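Pasting the structures in now, so scroll down.
Two complexes come next, and they have one chain in common, chain A, joined by chain B in the first and chain C in the second.
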Partner chain A sequence: MSILTGKGITKVYGGNEVLHGIDLELESGKIYGLIGRNGAGKTTLLSILTSHNSATAGTVTFDGEPVWENPKVLEHLCFARELNQMLGVSTTGALKVKEYLRIASVYLPHWNQELADRLIKEFGLEQKKRLNKLSKGMLSMVTIIVALASKAEFTFLDEPVAGLDVVARERFYQLLMEEYTQTGRTFVISTHIIEEAADVFEEVIMVDKGTVLLKENTQDLLDRAYHISGHKDEVEKACSFLETHHEETLGRSKGVTVLLEPGQKLPEGCDISIQKLNLQKVFVALCGEGE
Partner chain B sequence: MIEILTQEKSIYIQIKEMIENDILRDILLEEERVSSTNELAKLYAINPATAAKGVNLLVDEGILYKKRGIGMFVTTGAKGKIMEKRKKHFYDDYVKSLLAEAVSLGITKEELIAMIEGGED
Partner chain C sequence: MRSGWKAFRYWGNNWLEFMMYSLAAALVMFLLESTGMVNEGGNKFLQEVLDHFPYFLIAGGAIILFMIGISYFQVYFSVLVSMNCTRRSTVLRILCSMVSLILGILALCGVIWFISGSEEASQGLIWLPVAAGILLSVAASSIFLGTIMTRWGKIGAIIFVCICLVGGFMLGVWMATGEFELFDGSFLQTMPGNLFGAVFVALGFLMFVTAGIFSAVVLRKMEIRS
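Moving on, here comes the complex of A and B:
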């Protein structure tokens, strides 16, 4: 059982602090979902956790060993970056799919070529095509192949489903569960398509404006999140002792998102509507405040 | 176990109810092995820990039992237990909301009884 620990991770880009002292502990054998708005710092965080980027301050350790430029640790980590069509004429962009995967296999000592070949065939990727000639969806397939075939104990996927059609996305979650149930590898997955991924995440990590807002078992979070609505006076009376977010009013009616703390119960005896929320709604309520 | 997961309820509650439905409909028979949490995870693309949460609720209720190293099995008498439990909840789950809606629409007791009896045809 391994633990990847980040302590006080801070990152400054040209005087602009984008990560503000993040503490994070990732245990082996879990699937984590990393969600946050554009520019929240997800990719920077993932790249620092995997030593693809340096932290301005703070440490990352794997079972107590520093991760930074430590080959003994790095063989257990894989960061499958998001590839985008901006690769253009860069050196990476000019690589053929086959060449890119070959380079990945050199850097990832536990690489499984058989699995990579099977996935290339399943996705129907043309190995001789250059990366800058691939569609967004096909680039995501390359990211997914690198992640799964890496066989790394801790695998980080940055936006693996961006641009994939819905059938391919469902297939990805299935492939992920096949790999996970067979091996128990740890996966950390960032995504903007929250609702369809919610069921695969054992834990969800919400990042907002360079800090970790919340890290919690997904089902536990959903079990304590409710939307309460009704007459403004009734809602205010019902929620006076509760943690509320994302208040909305329309005439005399009011709606709020409530997160119950341990030991708290839903209000009783009030004339209000109480509804369950999905992960996407909880995310909007917590990260969309002030808009 | 081929029902579709929806957003209305927690996933683990749905997994639990699907297994119960399969037992009620004799799709799963008593003393038969239930799909493993890994099999459920792959079928529905859900986290195995979530599937396990649903299955464990049924173990707590004595509807499933664990055979070490083999898997989960349906308890003898499980079907009766589920029916009894659902009958107990029938008033709260269905009758209460039926009556509340009837009252707000001004449907009388007699009309309601006539509807229920008429529905049998």
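Moving on, here comes the complex of A and C:
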């Protein structure tokens, strides 16, 4: 089993620290969901883990070997990043889709051309078009093709479903699960469309303001997350020993989100309503504070 | 092994494409220049073409080299690094690609002049090292500019070009006023032809290597964004 480890990852841009000493361990054979608000540091973290960006401090290793500028290790990784629709003529956008995928086939050592051709046909991608002439959805499809056809042991996708319609998104999740079932590859997927993707995430990594808030098995997280609501006094009495998040008050009613720690139980004997939460609501509760 | 062959084919295709561009540029310039030529008979015209076309090939090649150097850094650098090439190996690949283009142009010029066999063509062959030096210098300039544009964007490139223009202007004015002589050009007339060429190649090679080192150092921690 391979492990990608980040220790004390810090990134500073011109005096502004955007990642604060992140420690992270990614094991092979899992699908991780990386979720966080805009500007939380998800893309920066992914790019540091894959040597697209250097860390100001900290180390990233793969089975003990440093990742930075290490071709032996980079063979096992693939970061299919979100291609920006604002690609200029003089940069990557000048390339045609065919050329871009050809470079991928040359330099990604485990590239599967058959799969790439099948996906190009399925997505109806025009290979002769330049990247900067593609729609946001088409750019996402290029990202997905690179990610899936790379056959890399650890594959990172940054917002792969941005711009895709709901049918295309469903198809992406199907393809992802097919690929995962067949190969057992590790996928780390950052997305804002949390609830759709929650079913495929074995573990969720929540990033907020440059730190990892939690990294946990998705089902375990959902099993300990509850929304408690009722009369303000009852809710406060019930949650007196629990850490509450995202408190909402409306008149004399109050609602809070709680995450039970090991050994803690749900309050009993109080006149309150207890509901289970989905991943999106847990995320909003934990990362939506301070608005 | 398999991926090495695929990379060779990919860069080989690129090389061929840019050789064709150089030939096309040379042909256009040659045709523009040769419209005034008097056709004194087929053989004489062919002789003229064989004697003079290589000069246009060198000029066309210099133009193409300058353009592709910048575009290699602006386009291919970020794409190759995003496809898991290291920054150092990407710079090396770009340098090798440019050197192979220079060699291709020089080889083609050499073959054309060899086929010509005239006195003028023999002179051209002697001047090939000078052409090599010039092409290496042009490639070096484009590597500098491409690296600066990749690292610091268009503003960086504009500042670099302005510094070169102002510096060159001031040096020229200073030399023209006789206050400063860079060197006494008369020694060039007495220098043996082969040494003259060797000096050009050496200077060109030195510039090229310096540009390559500059690029590798400046881009060693370059962040890839798209």
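As a working rule, the second predicted complex is superposed on the first by the 291 of 291 C-alpha atoms of A that agree within 3 Å, B and C clash if a C-alpha of one lies under 4 Å from a C-alpha of the other, contacts with A are read in each partner's own complex, and residues count from 1 in each chain.
By definition in this document, contacts are C-beta pairs under 8 Å (C-beta built on N, C-alpha and C of every residue); 3 or more make two chains touch, one makes a residue touch a chain.
Bear in mind that the values here come from a model prediction, so they are computed numbers and not experimental data.
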First (chain B), second (chain C), both or neither touched by A:Leu222: first
First (chain B), second (chain C), both or neither touched by A:Gln174: first
Which superposed partner A:Leu83 touches (first chain B, second chain C, both, neither): second
Chain A residues touched by each partner, larger count belonging to chain B or chain C: C
A:Glu69 touches, of chain B and chain C: first, second, both or neither? second
A:Gln264 touches, of chain B and chain C: first, second, both or neither? neither
First, second, both or neither for A:Gln113, with chain B first and chain C second: neither
Chain C to chain A touching residues, read off their complex: 3, 6-7, 9-10, 71, 74-76, 78-89, 221, 223-226
For the chain A and chain C complex, residues of the former touching the latter: 47, 51-54, 69-71, 74-75, 77-79, 81, 83-84, 87, 90-92, 94-95, 100, 102-109
Residue ranges of chain A in contact with chain B within the complex: 31, 170, 173-174, 176-178, 180-181, 195, 199-202, 218-219, 222-223, 276, 278
Chain B residues touching chain A - in the complex, by the definition given at the top: 5, 7-12, 38, 41-42, 44-50, 53
